[in-house]
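The following blocks contain the structures, represented as structure tokens.
Next come two complexes, and both contain chain A; in the first it sits with chain B, in the second with chain C.
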Partner chain A sequence: MNDQANFTTRSIQVAFLAIMAGVWYGLTKTGAVTPLFLPPMDIVYATFMRLVQTGQFWSAVRVTLFTIAQAWIIAVVAGLLVAYLVTRSRHWTAVMEPLIASTFAIPLTLLFPVFILFFGIGPASKVAYAATYGFFPVALITIAGLNSVDERYLRAAKSMGASSFDTFRHVLFPAAFPVILTGLRVSFFISFASVLGGETLSSAAGVGKAISLAAELMEPARMYAWIVFVIITAVSLNFIVSAIENRRREY
Partner chain B sequence: MSESTPFRAAAAGRPVAISIRNVSQRFGDAGSPNEVVAVDDMSLDVRRGEFVCLLGPSGCGKSTLLNIVGGLFPATDGVVMVGDKPVKGPLPRDISFVFQESTLFPWYTIRENFDVAFKFQNVAKSEWASRTKQALEAVNMGAFIDHYPNQLSVGMRQRVNLARGIALGTDIILMDEPFAALDEQTRMVLGEDLSELLAKTGKTIVFVTHSLAEAVFLSDRIFVMTARPGRIKSIIEVDEPHPRSPDFMLTPKFSELRNQAYALLRDEVRQAIALAREAEAAHA
Partner chain C sequence: MTVAAARVPAASTPSFIGGMSRRAKVIWTRRLVLLGLVVAFEIYARFIGNPRLFSPPSAIVYALFDEILVDPRIRGAIYQAFTEVLVAYVMAIIIGLVVGLSVGWSNFGRRSFYPIVILLYAIPQVILLPLFVLTFGIGPACKIAFGVSHGIFPIIVNVVAGMRNVNALYLRSASSMGASNFDLARHVYFPHMVPSLFAGLRLGMTLTLLGVILAELYVSTGGIGYWTKLYAETFDPAPLFALIAVLAVMAILLNELVRIAERRFTRWRN
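Take a look at the complex of A and B:
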């Protein structure tokens, strides 16, 4: 029964990909779309295979992945720390939670030029921008998770004389962990998108820069090769993260 | 203490373990219409090694009183003394709790649950393993030490929960309807286990329940409480040595005590129901 459902789910997912590829193929082969806007699939594939063999490909990927990693780590550390401090008291939760939530509602993309001003067009501005964006989901979701921990566990810990830090480490954090994990995951993909977006807007290096450069130089096949690479990377990462998450939830 | 010595008589001469003096608990703003008096000027003594039951209708403030005794929150008025110490917060070295639902942490195995409890309570690490083993064996759960709580039945979980309370090694254990979530048979068996453990260890236990049979079967003294505000209505003494066998439940003495408790409780339960209706009507 479960296998059957799983099979159906997978079939629909595969069918979706097949239809997307079919549409791409149809649009380009019938000439409905000019190759200048969307080159045929086989040409993009050939360009991609050539691209992978170049040193500039791997150096751009390295720059981007390193930028994402730095931004995400900063976002996670800052987000967890702020959530921990804010949930120390009900008063501070009431003050800070709406403040953080409404700041997150502002399209921070508007502030991207400010990050460029402060940090330059190198990776530092992308790290700062993506870390800022990625901070919010970690903080907000962790605050929500910590505040929804069952009161009886806290009462039990208190009766056993647990210190505030012990309570956090052995009760609050593990109890909220599945929720926190969701925050980390959302934050990761926001960091990922912010770094690529930032690089596309204004950058000296990285995958986003390569995409915008290919567009400027009117090399659509090259641009799409990069885009397809980013899509595959994002989907694979999501797949890996989900697998880890599912395993961790089984207790 | 010999088998035949009546337990209560043995306890009567012992020092006072818990002294509750004029304790009141009010919730909500004083004098306002939403002020609720949960506990009203209660005084009672619990002697060392005694098993005391707080019996009353739901909402009569018995759990509130237990939480105050355990230092989980301060009373509005009055003093609780444990030995010669006034209770001002949790006293993990003197008092352990066994709560209504199992409060084993589901993210830890049984062993880890015990370890973390010892850690909270500052027990020397060298004692953890032996104490865990001993307590689990006392409730016949030794084989499940590496299981997660969710892998056990509700009854087994509450057994382990009880063992954790005992493993903490405090002289006083406060139990807040520990068997409420269990089916009748499991309750009975755990009740017998508890009576046996009590006889072996000589712990002082304050037990909150609304089950008449449980109260009579386990207690040396039953404090019957009134509906809100909670006061002591009457004290019933159960002069029967621990460990008590299930045969005790078949004796005329048992039914007599049970009937006595029921007679005292009946009006209070009716009043509690009326109060609950009133509160519902007021909210609607």
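Take a look at the complex of A and C:
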């Protein structure tokens, strides 16, 4: 019966995708929507195939990937460091955690013009912007993770003569590790979206720039080719990450 | 991604053992930290930093009253952004509730449509921004639509999550006593999903703000995007920071409003 239910839900999801594709096909083939807004699927596919063969495509992808990697690494290092320093005392946790949390509730996109002012329209401004956005989930989730470690472990470690670094290295960090991983994942996807967003808003290169440029030049087929490429990449990344997480949880 | 972020309470203060005095100490330290940051920024900007990039807080406050708030065009842009956020938020709540309730109503809906919602949620929507501009033009409609498309997802996800937590016994007993579907929604589902719903509304507000501001910054021919671009490109940091500060205050006030509403509606639980 469970298999039956699984089959039904799976087929509904496949049907959803098929209906979306069908609507796309129908709207464009009947001419209900001008190709300027929504070009036919086969043209988008052909454009994508042509795009992949150009050096332009891979250079844009390389710029974006490199920017995401830099931003994420900075976010993770800074986030872990701040979380470590803040959770060293209960007092500072109580002081800093709400400050960090309420800053994260403000749309940090507001700072994007400042990063453009500081770093120009090159990749550096996107790195700064995405690193800022990615820093908060790492810091907040790690603080929560380190705080939730059982007090008894810490007391036991201390009573056996562990230094504060030893405690962190052998007790706090391993105990909070699963939670910290969640922070890293959230931060990665936020950095990913922020880099693309920054590139869309104002940039000289990268995938986001390619999308907004195609829109400005009224080349919808190219724009959709890029958009579909990004969506497929993002969704597959999500699938991979959640598959790994499920495997780990079972383990 | 934000689902996981929702699990960490936005402003959870760890419980104190020491009572009031300890709490007061925390609050005063926090104020001192903020004050220290402002003073450090002032000193840095005034004596060390490049004046084309940094502006001391005192000059920002001056620019706020001298350039930003006195210019009716900028005031209009701020007011327009504020209205866009409100309209987008109301629409996101309505659409989010309707979709969330219909998806979460049955096991079948949850199992088949919820993954589709999650799938859509995983898309970095910002890449669709040029598409929104093509479809809705450069006026308020585009910004509202983009805000709605950001805001609905956390609301749907949290409504569905909240409905899943309702004890099936309550549902069965209510329907056995003759409750209609509307009665079920009003008297069983709603009270039980209030905490989760408000978590969704809070995140929804954050994301609606994000969507509207992204669209505002993208369309740089008018509105806030025009002014931020102008100030950034002419290396005029004081009014830029002042304008950003106004918008940040707007965001904080809207977030606080949602949090106050949340506290009101969840009070009976504690």
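FYI, the second predicted complex is superposed on the first by the 224 of 251 C-alpha atoms of A that agree within 3 Å, B and C clash if a C-alpha of one lies under 4 Å from a C-alpha of the other, contacts with A are read in each partner's own complex, and residues count from 1 in each chain.
FYI, a residue touches a chain if its C-beta (ideal position, glycine included) is under 8 Å from a C-beta of that chain, and two chains touch if they have at least 3 such contacts.
Predicted model, so just to flag it, every value in this text is computed and none were measured.
Participant: Looking at the overlay, what does A:Arg88 touch: chain B (first), chain C (second), both, or neither?
Facilitator: neither
Participant: Classify the contacts of A:Val171 with the two partner chains as first (chain B alone), second (chain C alone), both, or neither.
Facilitator: first
Participant: Report for A:Arg50: first if it touches chain B alone, second if chain C alone, otherwise both or neither.
Facilitator: Neither partner.
Participant: Once the shared chain is lined up, is A:Phe112 touching chain B (first), chain C (second), both, or neither of them?
Facilitator: Second partner only, chain C.
Participant: With both complexes superposed on chain A, which partner does A:Arg62 reach: first (chain B), second (chain C), both or neither?
Facilitator: neither
Participant: Would you mind checking which one, chain B or chain C, touches more residues on chain A?
Facilitator: Touching more residues of chain A than the other partner does is C.
Participant: Of the two partner chains, chain B (first) and chain C (second), which one does A:Lys29 touch, if any: first, second, both, or neither?
Facilitator: The answer is neither, since A:Lys29 touches no partner chain.
Participant: Take the contacts of chain A with chain B and those with chain C, and give the residues found in both.
Facilitator: Touching chain B in the first complex and chain C in the second, no residue of chain A appears in both lists.
Participant: Show which residues of chain C lie in contact with chain A when the two form their complex.
Facilitator: 1-2, 4-5, 8-14, 16, 25-26, 29-30, 33-34, 53, 108, 111-113, 115-116, 119, 122-131, 133-135, 206, 209-210, 213-214, 217-218, 228-229, 231-232, 235, 237, 240-241, 244, 247-248, 251-252, 255
Participant: If we count contacts the way the header does, which residues on chain B are in touch with chain A in the complex?
Facilitator: 70, 72, 90-93, 95-97, 99-101, 103, 105-108, 116-117, 119-122, 148, 150, 168
Participant: Using the touch definition up top, name the residues of chain A that touch chain B in the complex.
Facilitator: 152-153, 155-163, 166, 170-171, 174-175, 177, 251
Participant: Would you tell me which residues of chain A are touching chain C in their complex?
Facilitator: 5, 8-9, 12-13, 16, 37, 90-99, 101-102, 104-107, 109-114, 116-118, 137, 140-141, 144, 147, 182, 185-186, 189-190, 192-193, 196-197, 200-202, 207-208, 211-212, 214-216, 220, 223, 226-227, 230-231, 234-235, 238
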